[in-house]
Amino acid sequence: MKKKLLLSSMFLLVFNMGVKAQDEIKEAVQANIDESFEALTNLSDQIWAFEEIAFQETQSAAALSDYAESLGFKVTRGVAEIPTAFVAEYGSGSPVIGILGEFDALPGLSQNKVPYKSPLNEGAPGHGCGHNLFGVASLGAAAAIKEQIENGELQGTIRFYGTPAEEKFFGKLWMVRAGLFDDVDVVMDWHPGAETKTAVQKGLALIDFQVEFTGQAAHASSDPWNGRSAGDALELYTTGINYYREHVKPTVRIHYHIQTAGEVVNVVPDYSRIWVRVRDSSREGLIPVYERIQAMAEGAAIMANVDYKVNLISGVHEVLINRTGSAAMQKNLETLGSISYTEEEQDFARKIQEATGKPQIGLVSKIEPMEETQEHSMGGSTDVGDVSWVVPTIRLRATTAPNGTPWHSWAVVAAGGMSIGHKGMAYAAKALSMTMVDLFTNPELVAEVRKEFIEKKGDYVYKGFVPDGPPPINSDLQ
Amino acid sequence: MKKKLLLSSMFLLVFNMGVKAQDEIKEAVQANIDESFEALTNLSDQIWAFEEIAFQETQSAAALSDYAESLGFKVTRGVAEIPTAFVAEYGSGSPVIGILGEFDALPGLSQNKVPYKSPLNEGAPGHGCGHNLFGVASLGAAAAIKEQIENGELQGTIRFYGTPAEEKFFGKLWMVRAGLFDDVDVVMDWHPGAETKTAVQKGLALIDFQVEFTGQAAHASSDPWNGRSAGDALELYTTGINYYREHVKPTVRIHYHIQTAGEVVNVVPDYSRIWVRVRDSSREGLIPVYERIQAMAEGAAIMANVDYKVNLISGVHEVLINRTGSAAMQKNLETLGSISYTEEEQDFARKIQEATGKPQIGLVSKIEPMEETQEHSMGGSTDVGDVSWVVPTIRLRATTAPNGTPWHSWAVVAAGGMSIGHKGMAYAAKALSMTMVDLFTNPELVAEVRKEFIEKKGDYVYKGFVPDGPPPINSDLQ
Amino acid sequence: MKKKLLLSSMFLLVFNMGVKAQDEIKEAVQANIDESFEALTNLSDQIWAFEEIAFQETQSAAALSDYAESLGFKVTRGVAEIPTAFVAEYGSGSPVIGILGEFDALPGLSQNKVPYKSPLNEGAPGHGCGHNLFGVASLGAAAAIKEQIENGELQGTIRFYGTPAEEKFFGKLWMVRAGLFDDVDVVMDWHPGAETKTAVQKGLALIDFQVEFTGQAAHASSDPWNGRSAGDALELYTTGINYYREHVKPTVRIHYHIQTAGEVVNVVPDYSRIWVRVRDSSREGLIPVYERIQAMAEGAAIMANVDYKVNLISGVHEVLINRTGSAAMQKNLETLGSISYTEEEQDFARKIQEATGKPQIGLVSKIEPMEETQEHSMGGSTDVGDVSWVVPTIRLRATTAPNGTPWHSWAVVAAGGMSIGHKGMAYAAKALSMTMVDLFTNPELVAEVRKEFIEKKGDYVYKGFVPDGPPPINSDLQ
Amino acid sequence: MKKKLLLSSMFLLVFNMGVKAQDEIKEAVQANIDESFEALTNLSDQIWAFEEIAFQETQSAAALSDYAESLGFKVTRGVAEIPTAFVAEYGSGSPVIGILGEFDALPGLSQNKVPYKSPLNEGAPGHGCGHNLFGVASLGAAAAIKEQIENGELQGTIRFYGTPAEEKFFGKLWMVRAGLFDDVDVVMDWHPGAETKTAVQKGLALIDFQVEFTGQAAHASSDPWNGRSAGDALELYTTGINYYREHVKPTVRIHYHIQTAGEVVNVVPDYSRIWVRVRDSSREGLIPVYERIQAMAEGAAIMANVDYKVNLISGVHEVLINRTGSAAMQKNLETLGSISYTEEEQDFARKIQEATGKPQIGLVSKIEPMEETQEHSMGGSTDVGDVSWVVPTIRLRATTAPNGTPWHSWAVVAAGGMSIGHKGMAYAAKALSMTMVDLFTNPELVAEVRKEFIEKKGDYVYKGFVPDGPPPINSDLQ
């Protein structure tokens, strides 16, 4: 019964918003984005070319910060003890609407803007997750809102968060820890993808940690009996982990990366290190698995007669989905309709699909009805999850790559560096800014969004999976 | 220099013993054995047919005890809390010379007296280690000495030890623990084999123990995540043991028998049990390996999140070789020469060799010079080792099976049940009794034997690898 | 559109069946079951006491056959090369309605009729799956229909299938292979449980197979380098299986039972054997997993330098659910209502719940609306699955044990041997016979049931997971 | 009998050589080495500072080549397709006496000339095997002989082999393959060590190979079931290797280095690579072990459903010891006596011993009687082994580091860079050149040396463990 009422009121909020002013402002923000399209494209292409990975995004962060500053935002650089994290703000008072922008690349994916694998800088990183578009579109949306605040059409505060290191270490964790989201009413977020939709799946919670084993070296031929092998410990540990797979729920994922298990062939290794990641569809399920796998390290150490140490690296929560806010986003997507592509773009897309063995159906950005939120979703994880447990978060996915493209691949880099990516970026900026217009103009929507957030969060007191001390900026963790 | 002197005096002891009386007594004991050959053969054939395994040798022990009693020995049955252990004694005063007799069979080796595999009682035990001959020959030797004590030619005490369960559990451990060897000057021992020689190799020390893992059962399909698998623990344990092999000295052996790792296919097993045996060429090397492998059980239990328990079963010391006594034995072997075989016996032997894929060279009992005692000997283990650390022990190996016969096989059972085995038994009885004549007639030899024993033993205080409490007579250990 | 029409016509079939005759016949079959309650109870208690496991149900099959024969059924014993499989038939012509009856017990679950663990015959089997009730209720339902055919109220053929070995080996496979279901229109089936409902979940498909490894024995201490270890192969195989768990879908289950990995501690084992079970929510998913795990045996054999052999034992399909037939069953359940229990029965139930650590809420047999059929169901498997792919099959679950009872446990044996079980049995017999009355009196229902069956089966040509040759009646498979 | 004659003639050869000329020439070569001590020391210190590892010894090879050329040797650089391999020759005709010189460093051992761990260039290589001294001493010895040929005291050819990459890849293999030793009568060789003696132990034969596994990448969370893990294959392979340890003879050693088993934590790895080394006391024992472990790679690949490739890297033979030649060397060592050390040097040595936890007994260079050659020697391996199977080879070990120093450690680098090392170098140069004087002046000695070589070699046709094609100069093998 209650649910029905909630849905009805959501309908009212979303569909009966039709005051003239709001629509006009939405048109104005779209126009702003069209006008700044060239500037945004240039900025995105720069970041694409910087190819900077987690916590090393110096030039990318500077370019975004400079751009924001040039538009009149007040920029605070180096927040949360992270040199490449920053906040760009404009306006004052309520509501405070935040928008997230990522800009880190992935190792080894450097690629030219061609529809077949062709490294730009062999071995260098590349934007295989489309984050060159991500940060720019969000900043573009913030700028469009800023213009409306500036000209008095909207009241309140728009705040862009430059959030580094999403691909590794999860930079937002330390930004949340630093209290940077404490006064925000609603956060907006998007992600590049191969389809266009309101994003209402939770993803997976995860924890990253390392285990180090320390034994005693010995000549592997002359006196292996004097050695205590850290390599053996690591191998017994992974064997144990694989046996443990039988005893976790189907929603759990465990994977690991053997970082070193010795350096030379003729020495019993006295040091080994493994990076372990555990995931589950929620943090509640995750924690006992994490604890179990930690405990297994002791067992492996005892078996190999070595010492061990477990280091928490970081981890993320699953996303707390806000369906009220998502419904507002969905309405705007339906207003905007799909992205239009040229025949050249579709041809580029089909060539990528051919090269990656996918059906050659080109680009897809059709707007489908909003999905049900699954109890247990599969797939990836994001540190947006942590933001979503401290502020209600509304999320979008917009097409920046051909349908079926393997993510974290050269193909994403290629499409994200040319017009396909640029169009997705502009589309995202519009959808995000239009939904922000809803939030700025409709306090009841903000209230309903926050109400759902508070209900879903319940009595959970958020605590990030992050060790004490500063973020691992210059870490030798990998 | 000292060594040279010792050797010289040994030479004197052994070679200059040539007083008439001693030779005549040696002839008398040989004659006694020839006279009782039929009785000994019958006794051996009875025990062969009883086919009784460790701690279940009720009929075999009774037959040997009855025979000893019938000859006038004073028999004490059921010693050391073991129903099938007994002592048969004759005479009084010094010296006290002991002689060991084993009589247990091995599971699954029942066999007819034919030179090809042919079970007598399918699945039943068989005398695959020749212990039907072992006990009888030793008792025959003791009886020959008893006759000489009785008729006044020798002074002192002859004592036959009926020692059960050599193949499993190691019965002598509890007989040693019970103090049954405390007043003995020298112990004699032999073993059936495929060659004839003074036995001067140490064998291996070993420890047997069990590890039990206890977890939590669960339906293997419906909710394996509620199970804590004792089977996983056992498998991780064996994996750990195999990794550990790199880190033990080349003289160490580790083997195990998975007794149970679950009973049905669709249940996460809550119980598993493994029998582990560790060996090394000496008890000093053995103990740290034993302790390490015990500790590994804790590691495996932690990895699989189950409980564990380690149960010491028993274990044996390597043999403390007495080369002074062995030299006396060697002299008697050289006097006796090799065993003579008929063409039928050689033919039987060659057929066994054919059936077991060995060179068809028939029976070998040639007397070679006494071997050097290796620092690290390979091969098997015996609970005579424990006796040898409390009393100086002189050992013989006599041919009872064709050259190259796989030990603990049907072929040993076959040969041990017919004239080949009987001849070896009689030969052993003669060699043992002749060497005992040396000991009874030559106090200096006994003194030298004991001197070597004390020197080699050093300050080691013997402690058997045996748990507190009674012997595992009705154990469900396997 | 089509689906909508189908549903509409189903509604008509199920709800508008209200001709007078049909209701009266339903009352008559219920009356018949009430009248034969004592006979059925006695029969069930006999089978409960026989405690016979898979393929050894000689007395149980005889008792059921004799009872059927005494009622006038034509009984064919020993069908499908299985001594304990039989068919009892009455009537002639169309429709031919079959009904399944199982009667095998489970090893080690013998139990008294008391609400705490108390073995009747220590170590003996027990009816931990309630099959003592299963076969009897089905036969009771068949008998009730037989009476109506006999007295001319119904036309057609009723056929009871005595189906042995459901708990192991899956006897129905060979009955299907023998063509015993080829002329049947619809099959009825039920199963004892802890709730009462139309059974519309698929269960899991599974395949059972054994892998045997054969190497070369050697003395584990003297010359392990001459051994090729079948035990090593088995352990490497299970290690491989556990690593493979990462790479199967969440619906897959793999479990195994190490049957032997060697017999004694001091021999490199030359033989080992493992029973492996793979499951998935459908046979399509199952087969590639089965093939992969088979192939892994070759890998393990190569690694350990031994030979191997894979033996298919048997396997089952997931159930092809017939929702048209289930809807008819649901209607009858709603007519029958829940089972009534005495305070003594609820007390017995609560004591069982206490003893097994479950909420003490007593017995539950409330009729809930028919469930959705899940795409991927979890839990157990049944050889009814195979029948359901050759004949449309309608299934019921009826309460015979307290809510929450761990299945395949002593608690099921206890409840199944007293009035709680008897009531469930009678209830099942009624629901089954009432639904059969629907089928006999309504040819359109049969036609719709078969239409759904044919549509869902599609072009799949059923092939059972069963090796060539006779069923493993006297198998030493274990 | 034959052996006795051989020994007698050896005695004559070695002890009755006492013609005046020979002794004087020996004094002359010693004088030459004393005179060039400063030059040799400078050369050694240069190479010590170059710190160049296997196949990268460009400066070291150039420095040695330049020095030889400056003395009048004819130098051929870049032999056997190896840029850093060279030959320096002087004289002509018979006999042709070769002498080997190594000069490669070891990774990660850079160290200052102080008696405690203190890296010179953090992370850089260091001469932890004393090869800075090795090549220089051998060239110094060759130069001393060259002077005697030049001044007409000796006739024949002296040839210095600059042999790179002994620590990895085994450069001499390709030099032997290129036929560079085909016309040599006897080869001289030495090695730095912690004692001074004629080297008469065989070392171990070894084979190095890599296994590469190639699977299919997949997202480790989203669809691990689409991945075929090269990491799993590698882990199963190492598990198999560890199980195999039970089944190799005690003389076998197997060790491995996991080079990569994946690069990131969230991807099922499609590539892995392991470096495996197998050793045995002789190549005959080695080959079946090598073949078995190769075959295991196939098994692991099948288990993980991936492809694999085995790449032979290289390997060495055990040394064919020449005791005739060694006896000549031993005589010269006894003539030379031990090395004298200052109190400062002994103090430096004791500090090193303190820092490495060894008994602080200082430097030891006492000349003991020549050892027996063990049938199975333990310890390391050398590519001198391969030379020794094509030319008779006489070997020396000279003290260049404190007694007990862990080899391949910073301590060897420290001692080898100061006067302790320099003294050992000069001593080695003298002993080598004195023994070469024996060979040049005594054709019968050469004949006897070659006779022993031919007898021991038997009918074995040498074939190096080296793949076809060029040596792995720029290999990415590690």
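Should a chain be cited, it is by its letter among A, B, C and D, assigned in written order, with residues numbered from 1 in that chain.
One rule holds for everything that comes next: a contact is a pair of C-beta atoms (placed from the backbone, for glycine too) under 8 Å apart; a residue touches a chain by one contact, two chains touch by 3 or more.
All values derive from a computational prediction rather than experimental measurement.
Number of steps on the shortest path from chain B to chain C, with steps defined by chain touch: 1.
Path length between chain B and chain D in the chain contact graph, taken as the least number of steps between touching chains: 1. Using CA-based centroids throughout, the chain positioned farthest away from chain D is C. The interface with the greater count of contacting C-beta pairs, when A-D is set against A-C, is A-D. Taking each chain's centre as the average of its CA atoms, chain A and chain B sit 71 Å apart. In this assembly, the C-alpha centroid of chain A lies 54 Å from the C-alpha centroid of chain D. Chain A and chain C have centres, each the mean of its CA atoms, that are 48 Å apart. Within chain A, the positions touching two or more other chains are listed as 220, 224, 235, 239, 243, 246, 255, 268. Chain D contributes residues 107-108, 204, 208, 219-222, 224, 231, 235, 238-239, 253, 255-258, 261-266, 268, 275-277, 279, 378-381, 407-408 to its touches with chain A in the complex. Taken together, the chain C residues at the contact with chain D in this complex read 220, 224-225, 227-229, 232, 235-236, 239-240, 243-244, 246-249, 268, 292, 295-296, 298-305.
Chain A contributes residues 239, 242-243, 245-246, 250-251, 254-255 to its touches with chain C in the complex.
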